[in-house]
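Below are structures written as C-alpha cells.
You will see two complexes here that share chain A, one where it goes with chain B and one where it goes with chain C.
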Partner chain A sequence: MAKVAFPHVGNYSVPVKYLLSHILDCEIMDAPKISTKTAELGSRYSPDFVCTPFKYTLGTYIECLDKKADVLIQLGGGCRYGYYYELQEKILKDLDYDFEYINLVTMGKTDIKKIVKQFEKIDKNFNKIKALYYLFITIKMVKYMDKIDDYIRENIGFEVQKGEFKKLKKKMLLDFSNTKGYFDLYKKYRYYKKQFKKIKIKDGKKLKVGIIGELYTVMEPFANYELEYELANYGISIKRYTNAHYLLFEKRRKVKKYLRSCKEYIKYRMGADAADNIGRCKYLCTHNYDGIIHIKSSFCTPEIGAMPILNKICNDYNVPIIYFSFDTNTSKVGMKTRCEAFYDMIEMRKKL
Partner chain B sequence: MKIGIPRSLYFYYYGDLWLKVFKKLNIEVKVSPKTNKEIMDLGINKSNDEMCLSLKNYIGHVCYLKDCDYILVPRIDNFKTCNQTCTNFLATYDIINNLVDNKIINYNIDLNKGEDELKGFYKIGNILKIKKKQMKKAYLESIKELKEERLISIKDNLKKLDSDKLKILIVGHPYNTYDELIGKPIIDYLNDNGIQVIYSNLFDSEEANQASRELSKDLYFKYNKENIGSIILSQDKIDGIIFISSFPCGPDSLVNELVIRKIDLPYLNIIIDDQSSDTGLITRLESFIDILEAKNGKSSISPCR
Partner chain C sequence: MRKCYLGIDIGSISTKGVVIDSDNNIICKSYLYTKGDPINAVKNLIRELKKGITSDDVIKGIGTTGSARKLIGLMVGASIVKNEITAHAIGTLSFHPNVRTILEIGGQDSKIILLNDGIITDYSMNTLCAAGTGAFLSSQAKRLEVDIEEFGNMALKSKSPVKIAARCTVFAESDLIHKAGLGYAKDDIVAGLCKSIVLNYLNNVGKGKKIKPPIVFQGGVSKNKGVVKYFKEVLNEDIIVDDFGHLMGAIGIAILSKNYETDKVYNLDFNEVSFITKGEECSRCSNNCEILKIYKDNNMIDAWGSKCGRY
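Up next, the complex of A and B:
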C-alpha cells in the first residue's frame, strides 16, 4: 500500500487528509510538524537564494521520505512557486530517494487528466465521481474553517479566560476530520460557530491591525514565528485576507476589484499576490485601521516589487506599516522586539 | 520633446528597435550612458534593499534621466502560455511610476490577452501624437532590418563554436552579460586571455526554446528557456559554461541549480551583488580557465587528478 505525504500549510492538512483518505485506498501520512530540524534539512539541500517556502517544503519531504513515504504531492503558483517541483524532484532523486511525485498545478494550469492518471496508478479502484463528491465536501470544509478562523483572529486577543479559543479550535479540527457527509459537516459548522460566539470577550477599545503579505508565510504559523499569536497577546484584533478559500476561488474575481480600487497607484497585476496586497493596503488605510503588518519570506520577488508602492500609500494616508522578512534563521527575539515597538507606537497614536 | 531610454533591462531586448523607430519618426531620444558607479549608487539609494541588482541598476538609470520629458518603461507579461517573464518585469512600470515624477510612456506585451508589440507602439503613437499609419510603417521597417542584423550576429556567434581556442558559453540574461558593471568585467577578462566567448542570447530563440525541453520540461520562464536551450544546442562543442546571475534573481536561483545538476560540463556559477570587488572574481575566473586548459592539455600545469 502506498504512503502519501504532503507538506503543511497552517491547519489545511485536516481537509487535505480528509479528502485523500476518502478517495485513495492508501495510507495518508501525517507529515511531521515543521520544526527547526525541518528548516535546517531543507536549507542544507536548497539553492543559495531561493525563497523560504522552498526550504520548508523540501525539509518536510525529506522527513516524510525518511519515514518511508512513496507519493509526494505539491501545488504550484503564479511566481516561481510554480517551478518548485521540478527542482525539488531532482534534488530528492539525487539524494537517492525513490518516490512518485504528483504536481497538481503545472505551468499555472491544472491538468486534470494527468492527475487522474497518476491517482489511478496509485490506486486501481480510483473513482472519479466519488472523488468529486469528497472534493466538494473538502472545499466546503476549507470555507467553514476559514470563516471560523477569521472570527478567532478578530477576537482571540480579548478572551476573558486565556486559551479557550485555542482549545475549542483543536476540538473543532478533530471533529471536522471525522466528518461523515456534507450535512454532518454543516451541522458541525453551525454548532461550533455558536460555541465560538459563546466565548466571553472583553469589551473596550480595540486596536485593529491588518496583516498582508506573501501567502505561505502568512498562512503557516511556523514560517512567521506565530506572529498572529504574538499580536493577540498584546490585545490586537487582526484582519487577514489570504486564506486557502481566497486563493482557490475568490482571487480571480477580486483582483480586478482591487486593481480598480487603487488605480492611482498601480495599473497592472504584478505577479502572485502583489496587486492584491496593494489593494488591501489601501482598503485598510481608508477604513480606520491602526496599522499594517506586511510579512513575506526573504527574496519573494513579487512582494519586494510591491513594497515601494505600499510605502507610498501608507505615506499618503499616514498609516504606520512594518515589514517583516522571514528566513529560516531569523531569530524570534528580534521579531518580538520589533513587534513590541510597533504595538507601543500604534497605541500611542491611538491615545493622541 | 525628449524621450529617455534607460540602458538596462528592456534595453538589451528592445533597445535597437526603439532607437530605430524613433529615429525614423524624428523624435529626440536620450539613452542613459553605460552603467557607472554613480548610476548604480543612485539606484541602490532609491530602491528597496532586497530587490535584485539588475532592477536596482534599472532604477538608477531611470533616475539619471530625470530631465527628460518622457521615460519609456514597457511592461512585458508573457509571450503566449509557458513563456512568462520574471515577476520583476511585470512590476517595473508600477514601481517606476511611484518612484519618479516624470511622465512615463508605457506599453504592455501580453500575448495571452492579444496585446502585442505593434499595439504597444500604437499606444506610444497616441501619446506622442503620431499617426497610426506612420507608426506602423516605421515599426515594420525597423523589425525587418533588425531581423537581418540579428541573423548576422547569430551567425557570428555560432561561427565561434568552430574555433580552436578554448570556448566558454556565457549563460546569463543580456541585461547582466552586457552591462558595464555587472557582466563586462568578466567578458573583458575572458577576451584578454584569448578565450572565445559565446553568448547564450545569440542563438535562434525558437530553436533554443524547443531545445530547452531536454533539460526541463515544465519551465515557463521564456528568457531562462532560451538560456538553457543554448546549452543543449552547443554542449558538444564548448569547453565550459559560466553562469552569470545577479543577486537574488528569482528564476535563475531555481533554473541554474537544476541545470547544474543535470549537465556534464565544467561550470562556474557567478552571482554578482552590489558589493562584489573584481579581485575575488578574477581569481575564480583564472582558476576556472586553468582547469579548462589543463583538461584540454593546452597548459603546462598538469591536472590535479
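Up next, the complex of A and C:
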C-alpha cells in the first residue's frame, strides 16, 4: 500500500488529510511538525538564495521520505513557486530517494486528466464521483476553518482567560477531522461558531493591525516565528486576508477588484500576491487601521517589487508600516524588539 | 528625601547608566565597556553610580534597555524593560521636544526614528548585517592601526576623501585594501570610510524615509567628528550632537520607569547576589532549542529560548 505525504501549511493538513484518506485507498502520512531539524535539512540541500518556503517543504519531504513515504504531493503558484516541483524532484532524486511526485498545479493550471491518471496509478479503484463529493466537503471545511480563524485572530488578544481560544481550536480541528458528511460538518461548524462567540472578551479600545505579505510566510506560524501570537500578546486585533480559501477561489475575482481600487499606484499584476497586497494596503490605510505589517520570506521577488509601492501608499495616507523578512536562521529576538517598538509607536499615535 | 530613577542601557559594546531625579535632571552617569559580560558590567556600573548618589536619595524605579535588557531586567528586578527605539525617542524628546529625526548608530545596530509633535511616526532598524555600524569602523581602525578616538580628527584633515563602496562591509573592506595599496594617504582613506558609513546608513536604514530637521545624531558613532561632518554634507542640514548623546537610551528608560512607580524602594546591592546563566540544548524533540537558564543564588528563576513553552 502506498504511503502519501504532503507538506504543512498552517492547520490545512487536517482538511487535506481528510480528503486524501477518503478518496485514496492508501496510508496518509502525518508529516512531522516543522522543526529546527526540518529547516536544517531543507537548507542543506537547497540553493542558498531560494525563497524560504522551498527550504521548509523540501525539509518536510526529506523527513517524510526517511519515514518510507512513496508519494509526495506539491502545488504550484504564480512566482518561483511554480518551479518548486521540478527542482525539488531533481534534488530528491539526486539524493537517491524513490518516490512518485504529484504536482497539482503545473504552469499555473490544473490538469485534471493528468492528476486523475496519477491517482489511478496509486489506487486502482479510484472513483471520480466519490472524489468529487469529498472534494466538495473539503472545500467547505477549509472555508469554515478560515472563517473561524478570522474571528480568532481578531479576538485572541483580548481573551479574559488565556489559552481558551487555542484550546477550543485544537478541539475543533480534531472534530473536523472526524467529519462524516456535509451536514455533519455544517452542524459542527455552527456549534463551534457559537462556542467561540461564547468565550469572554475584554472590552475597551482595540488597536487594529493588518498583516499582508507572501502567502507561505503569512500562513505558516513556524515560518514567521508566531508573529500573530506575539502581536496578540500585546493586545492587538489582527486582520489577515491570505488564507487557503482566498488563494483557491477568491483570488481570481478579487485581484481585478484590487487592481481597479488602486489604479493610481499599479497598472499590471506583478506575480504572486504582490498586486493583492498593494490593494489590501490601500484598503487598510483608508479603513482606520493603526498599522500594517508586511512579512515575506527572504528573496521573495514579487513582494520585493511591491515594497516601494507599499511605502508610497503608507506615506500618502500616513499609516506606519514595518517590513519583516524571514529566513531559516533569522533571530527571533530581533523580531521581538521591532514588534515591541511597533506596538509602542502605534499606541502613542492612537493616544493623540 | 529625593526620588531617583535609574536607567541602564546595555549595548553590545558599552553599558550606560544614569540616575535622574523627578525633574529629569541627571544626578550621576556612568559609561563603561560591556566586554561581552553584561552581568559583571552592570555590577561595575552600579558600583560607579552608587558613588554619585547620597544617602538622602531613594531609587523608586529601575528601567533597562538595550540588547541585554531582559537578562539585566531580571537581575535588578526592573520595573520596566523596553526596547531601545522607544527609549531613545523618549530620552531625546526630553531634551529636544521638537525633534523630527533621530539618527542613531551604535556598536551593532543602527536605527532611524522619525517623530512628529512628540510622537514616533516611523522607525527603521538595520536588519541582518552590521554594515555601517560602529563595529565596522572599529575593525577598520584596527586594520589601519589608528586609534578609534583619533578617527574623527584624521577624517577632518582630509580634503579629498577616497570613494569606498557603501553597500556592504565586505566590499567596503576590499575597496579599502585596494585603495591603500594604490598609495592613497591614510587621512583620505579614513575620511572615505566615514563617508561610506553615512552613505550606507542613508541607503540602508534611511531608505524611503523623509529626513526633516531638527536632526539629532546619537550613539557611539556620533562621537566621530568625521561622520558628523559627512552627515551634514550629504543631508545639507544642521546635525545636533549632544555631549550625552550616547546616554540617551538610559535617560529615556529612566524617564519611562517613572510611569511604573510603586511604593517599592530598590536597593542597589547586587555585588553579593550570585547571578549565573547556563546554556544547554534541550533534546526532547527535534527542535533542539537552546535553553538559557538563569540562576539567582542557585535557584533557577527563569529559562528562555524554548519554542514549546516547556520552560
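Here is the rule we go by: the second predicted complex is superposed on the first by the 352 of 352 C-alpha atoms of A that agree within 3 Å, B and C clash if a C-alpha of one lies under 4 Å from a C-alpha of the other, contacts with A are read in each partner's own complex, and residues count from 1 in each chain.
Here, a residue touches a chain if its C-beta (ideal position, glycine included) is under 8 Å from a C-beta of that chain, and two chains touch if they have at least 3 such contacts.
Computed from a predicted model, the values in this text were never measured in an experiment.
S.K.: Looking at the overlay, what does A:349 touch: chain B (first), chain C (second), both, or neither?
M.R.: Second partner only.
S.K.: If you stack the two complexes on chain A, which partner ends up touching A:36: first (chain B), second (chain C), both, or neither?
M.R.: Only chain C; A:36 stays clear of chain B.
S.K.: Under the stated touch criterion, which partner chain does A:337 make contact with: chain B (first), chain C (second), both, or neither?
M.R.: So A:337 only meets chain C here.
S.K.: Tell me the contact category for A:308 with respect to chain B and chain C: first, second, both or neither.
M.R.: Both partners, chain B and chain C.
S.K.: First (chain B), second (chain C), both or neither: which does A:325 touch?
M.R.: Both: A:325 reaches chain B and chain C.
S.K.: Considering only touches as defined above, state whether A:90 meets chain B (first), chain C (second), both or neither.
M.R.: first
S.K.: Would you sort A:267 into first (chain B), second (chain C), both or neither based on which partner it touches?
M.R.: First partner only, chain B.
S.K.: In the superposed arrangement, which partner chain does A:67 touch: chain B (first), chain C (second), both, or neither?
M.R.: Neither partner.
S.K.: Can you tell me whether chain B or chain C touches more residues on chain A?
M.R.: B
S.K.: Using the superposition on chain A as set up above, list the residues of chain A that contact both chain B and chain C.
M.R.: 308, 325
S.K.: Touching residues of chain A toward chain C in the complex: what are they?
M.R.: 32, 35-38, 308, 311, 315, 318, 320, 322, 325, 330, 333-334, 337-338, 340-341, 344-345, 348-349, 352
S.K.: Which of the residues in chain A come into contact with chain B in the complex?
M.R.: 47-51, 54, 78-80, 82-87, 90-91, 94, 106-109, 265-272, 274, 298-299, 301-302, 304-309, 312, 325
S.K.: Which part of chain B faces chain A closely enough to touch in the complex?
M.R.: 47-48, 50-52, 75, 77, 81-82, 86-88, 90-95, 97-99, 106, 108, 216-221, 247-251, 253-258, 261-262, 271
S.K.: Using the touch definition from the top, list the residues of chain C that touch chain A in their complex.
M.R.: 67, 82-86, 117, 119-125, 127-128, 208, 210, 285-289
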